[in-house]
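Which chain is which? They are A, B, C, D, E, F, G, H, I and J, in the order written, and residues in each are numbered from 1.
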Amino acid sequence: MLFHVRMDVQLPPAMPADQAAELKAVEKAQSQALQAQGKWRHLWRIGGQYSNVSIFDVDSVDELHTLVSTLPLFPYMKIEVMPLCRHPSSIRDDDR
Amino acid sequence: MLFHVRMDVQLPPAMPADQAAELKAVEKAQSQALQAQGKWRHLWRIGGQYSNVSIFDVDSVDELHTLVSTLPLFPYMKIEVMPLCRHPSSIRDDDR
Amino acid sequence: MLFHVRMDVQLPPAMPADQAAELKAVEKAQSQALQAQGKWRHLWRIGGQYSNVSIFDVDSVDELHTLVSTLPLFPYMKIEVMPLCRHPSSIRDDDR
Amino acid sequence: MLFHVRMDVQLPPAMPADQAAELKAVEKAQSQALQAQGKWRHLWRIGGQYSNVSIFDVDSVDELHTLVSTLPLFPYMKIEVMPLCRHPSSIRDDDR
Amino acid sequence: MLFHVRMDVQLPPAMPADQAAELKAVEKAQSQALQAQGKWRHLWRIGGQYSNVSIFDVDSVDELHTLVSTLPLFPYMKIEVMPLCRHPSSIRDDDR
Amino acid sequence: MLFHVRMDVQLPPAMPADQAAELKAVEKAQSQALQAQGKWRHLWRIGGQYSNVSIFDVDSVDELHTLVSTLPLFPYMKIEVMPLCRHPSSIRDDDR
Amino acid sequence: MLFHVRMDVQLPPAMPADQAAELKAVEKAQSQALQAQGKWRHLWRIGGQYSNVSIFDVDSVDELHTLVSTLPLFPYMKIEVMPLCRHPSSIRDDDR
Amino acid sequence: MLFHVRMDVQLPPAMPADQAAELKAVEKAQSQALQAQGKWRHLWRIGGQYSNVSIFDVDSVDELHTLVSTLPLFPYMKIEVMPLCRHPSSIRDDDR
Amino acid sequence: MLFHVRMDVQLPPAMPADQAAELKAVEKAQSQALQAQGKWRHLWRIGGQYSNVSIFDVDSVDELHTLVSTLPLFPYMKIEVMPLCRHPSSIRDDDR
Amino acid sequence: MLFHVRMDVQLPPAMPADQAAELKAVEKAQSQALQAQGKWRHLWRIGGQYSNVSIFDVDSVDELHTLVSTLPLFPYMKIEVMPLCRHPSSIRDDDR
């Protein structure tokens, strides 16, 4: 089941550089593990912004919430979620 | 080059059913041709709405504009465009 | 799987009364059938508005979209969807 | 009498972890006591967000205000309230 | 129980003058009857706009909805409702 | 002359409890004095929010501004003002 | 007493040209009469828009409402009103 | 050339009182000097808010920007600018 | 003097094709004449939308208003105007 | 390929003056280097605001993102991006 998630990150400018670097490193590792498992199906940067568009493929809303809310940057992100489904005009087998 | 496009369709309720059906049939054919060419890379329905999220892969903004503005439903759609680029945490080769 | 759906209805004032009545009667019948099946779990009127808040319990986003988009009032409604999940403080067995 | 309440929580990232844990523990206890009394009828997490949708069943707006404004997270929440009433198409006895 | 209701009226400019006059006359009569019963406790015009601010004193949200949704201008109004309660600093006996 | 004023209070969570208590005590005293003089004609709490709806009866906009801007919570409030006037359907002598 | 009024005009494109011309001519005459009386103290066009910013000097909100709501373009305008008062830094005698 | 400028001031509550007083004193002096030169043509307080509406009469956008951006409160203000021009219905010689 | 103008066009779908074509042809001719005169300095299409971003170089706000409001598509456009000035970091002689 | 970028800068008032000056000096140097290379094609100040409108001419969205996100003021800016393309009515060779 697919969900479209937009994440806008806003780190406090006063956060020490090494704390920010640590947060980002863990975030990246978790993100890549989820991509490898097929749970985080797509991940793009929005040009010119500290934001991404992601497509998650999960078994339930509970799973989606667990994955997103345990990201280390979660407390610093504004998040928008939209459920996606098969479009009747799609010809791609995996757009579902 | 990737662009994220959201399209919200609003057909006038007074439009005759066969005119609407004709518009939708041509729209579907153009969409599927563009998908087959790899220009319209992803197409999802937003659950519960007459709206879609699409990813276009084009050579220029001019090409994007030509593809979108010649869709037969273009006069009836509210459209939002965001440029996408490679995310440094992405592990998928084709998310670019 | 639960989805929170808000529907705001706006019928054109010029719609003939019997056409509106027919639409509403079919809408009511479909809604009550879905409630009886447990798919449309809750349905409340928002006080003072021609709007409702609904909780759907469906197997997939595709099923949600099919149920909502085939309602006869669908072309006249503005719809907002939010996925819901279990709250860690909930004590009600069926709030999931 | 039913009220639909949406709560969006925003804790300051600088809040010490034990202070946050204490606030959340008291919040949970109060919430569960109110659920046990039937005052807080439903409680769902909104997927991907530190937010909930709740249905309160109270005797008056004064009671609603007292219950909500004495939650320990109240100073950290953005709250939206909508009065609900019986929908004429509802077939559930307790959706009122 | 008190509710704060804002009503913004938008009549179609093409509505025949006598139909508008008839709607307004019935609206006025219903409003004044509800005021006489104490249900519609206050009614003010917002300066410079075809809008009003009203305070309703009703027994339930269901009663509020019935009163508002049966006004003849209801199909032409945008309506916002806020529940009100006793303010701890109020010294007026009837501000509740 | 009547003005509709909505005040949303947002105290910094870090404000010491006794400073907040002092501010609120002075605010309450000023509010009640103005109510006693008939300048602050109505005062209601908005259910579930740290907000109020007030009706001021003043001789001029200057007087309104002086009364509101000298409240001790003024620096912590978001304020919206709407001028009110007699509604042609009102039957209450004092709704003006 | 001063009020800041913004008026955005939206005539239906289908309105016959002579009806529009007649409305505008009467609007202009009323506006100029009110300017001559000192009631409509300033009137500016907002560059690039069919909108104006006006300053009214009236004795009451009722007078403001009567003047604005009897303009022939009133049914075709979106109107915003803000009460103004003396600014403590103003050195102009008539900015009040 | 006229520009309509709205300024909303938001001083941090934690700013020391003498720093705020100094900022406001310099702001007032600059504002009054510009008014005396005819550059800042009107200045009104918006009732109930720490905001003003101003009309500037300048030779260029560059001059406007220099005047506004060198105000001592500039870092603490949200500013909106609209260009104004002669209204064809205006009868005042100086409303241009 | 430079102004940034965004124009969003919305033609009624029911407008006859030849009327639309005529409007667009005249619009194009006027636009190109103004570009040739240097008044309409830049003109870009916003990708995927029936909208443009334009830079006007005019002697006054009155001239800007005359140029924009006499475009044949003016009644069908939503227009936003922002005054521009020299940026202190610009190295281009004509960005003023 | 052209992108329209709006940047709104918000420096924390508490930032030490020399830190702000250093950030701005580096920002200016990077901006001017990019202008000299033709990557940052236009740069204007929005009158009365700490904001700019810029036109970037880049080879890809990735290049745009790299240029913008490495500006020293990036963490303090709200940024909006719109892709631009050739307008069919443009007569300027370089508006593409």
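One rule holds for everything that comes next: a contact is a pair of C-beta atoms (placed from the backbone, for glycine too) under 8 Å apart; a residue touches a chain by one contact, two chains touch by 3 or more.
Since the model is a prediction, treat every value here as computed from it, not as a measurement.
> Could you tell me which chains are in contact with chain F and with chain G alike?
E, H
> Trace the shortest sequence of touching chains from chain G to chain J and report its length in steps.
The fewest steps needed to get from chain G to chain J is 2.
> Write down the chain pair with more C-beta contact pairs when H-J is set against D-E.
D-E
> Counting residue numbers used by both copies over all numbers at the interface, does the chain B-chain I contact come out same (over half shared) or different (under half)?
Different, since under half the interface numbering is common to both chains.
> Distance from the CA centroid of chain E to that of chain J, rounded to the nearest Å?
50
> Can you give the whole-Å distance between the Cα centres of chain C and chain I?
Going by mean C-alpha positions, chain C sits 44 Å from chain I.
> How big is the gap, in whole Å, between where the Cα atoms of chain A centre and where those of chain B centre?
Using C-alpha averages as centres, the distance is 22 Å.
> Specify, in ascending order, the residues of chain F that touch 2 or more different other chains.
Residue numbers touching two or more other chains: 2-3, 45-48, 61-62, 64-65, 81-86.
> Would you identify the shape of the chain contact graph, picking one of line, ring, star, complete or other?
Shape = other; not a path, cycle, star or full graph.
> Could you list each pair of chains that touch, in label order?
Applying the touch rule to all chain pairs gives A-B, A-C, A-D, A-J, B-C, B-I, B-J, C-D, C-E, D-E, D-F, E-F, E-G, F-G, F-H, G-H, G-I, H-I, H-J, I-J.
> What residues of chain I sit close enough to touch chain G in their complex?
Interface residues on the chain I side: 3, 5, 12, 61-62, 64-65, 68-69, 74-76, 79, 81.
> Can you name the residues of chain I that touch chain J in the complex?
Going through chain I, the ones touching chain J are 2, 4, 27-28, 31-32, 35-36, 42-48, 52-53, 82-92, 95.
> Under the touch definition given earlier, write down the residues of chain G that touch chain I in their complex.
11, 13, 45-50
> In the complex formed with chain F, which residues of chain G make contact?
1-3, 60-62, 64-65, 81-86, 96
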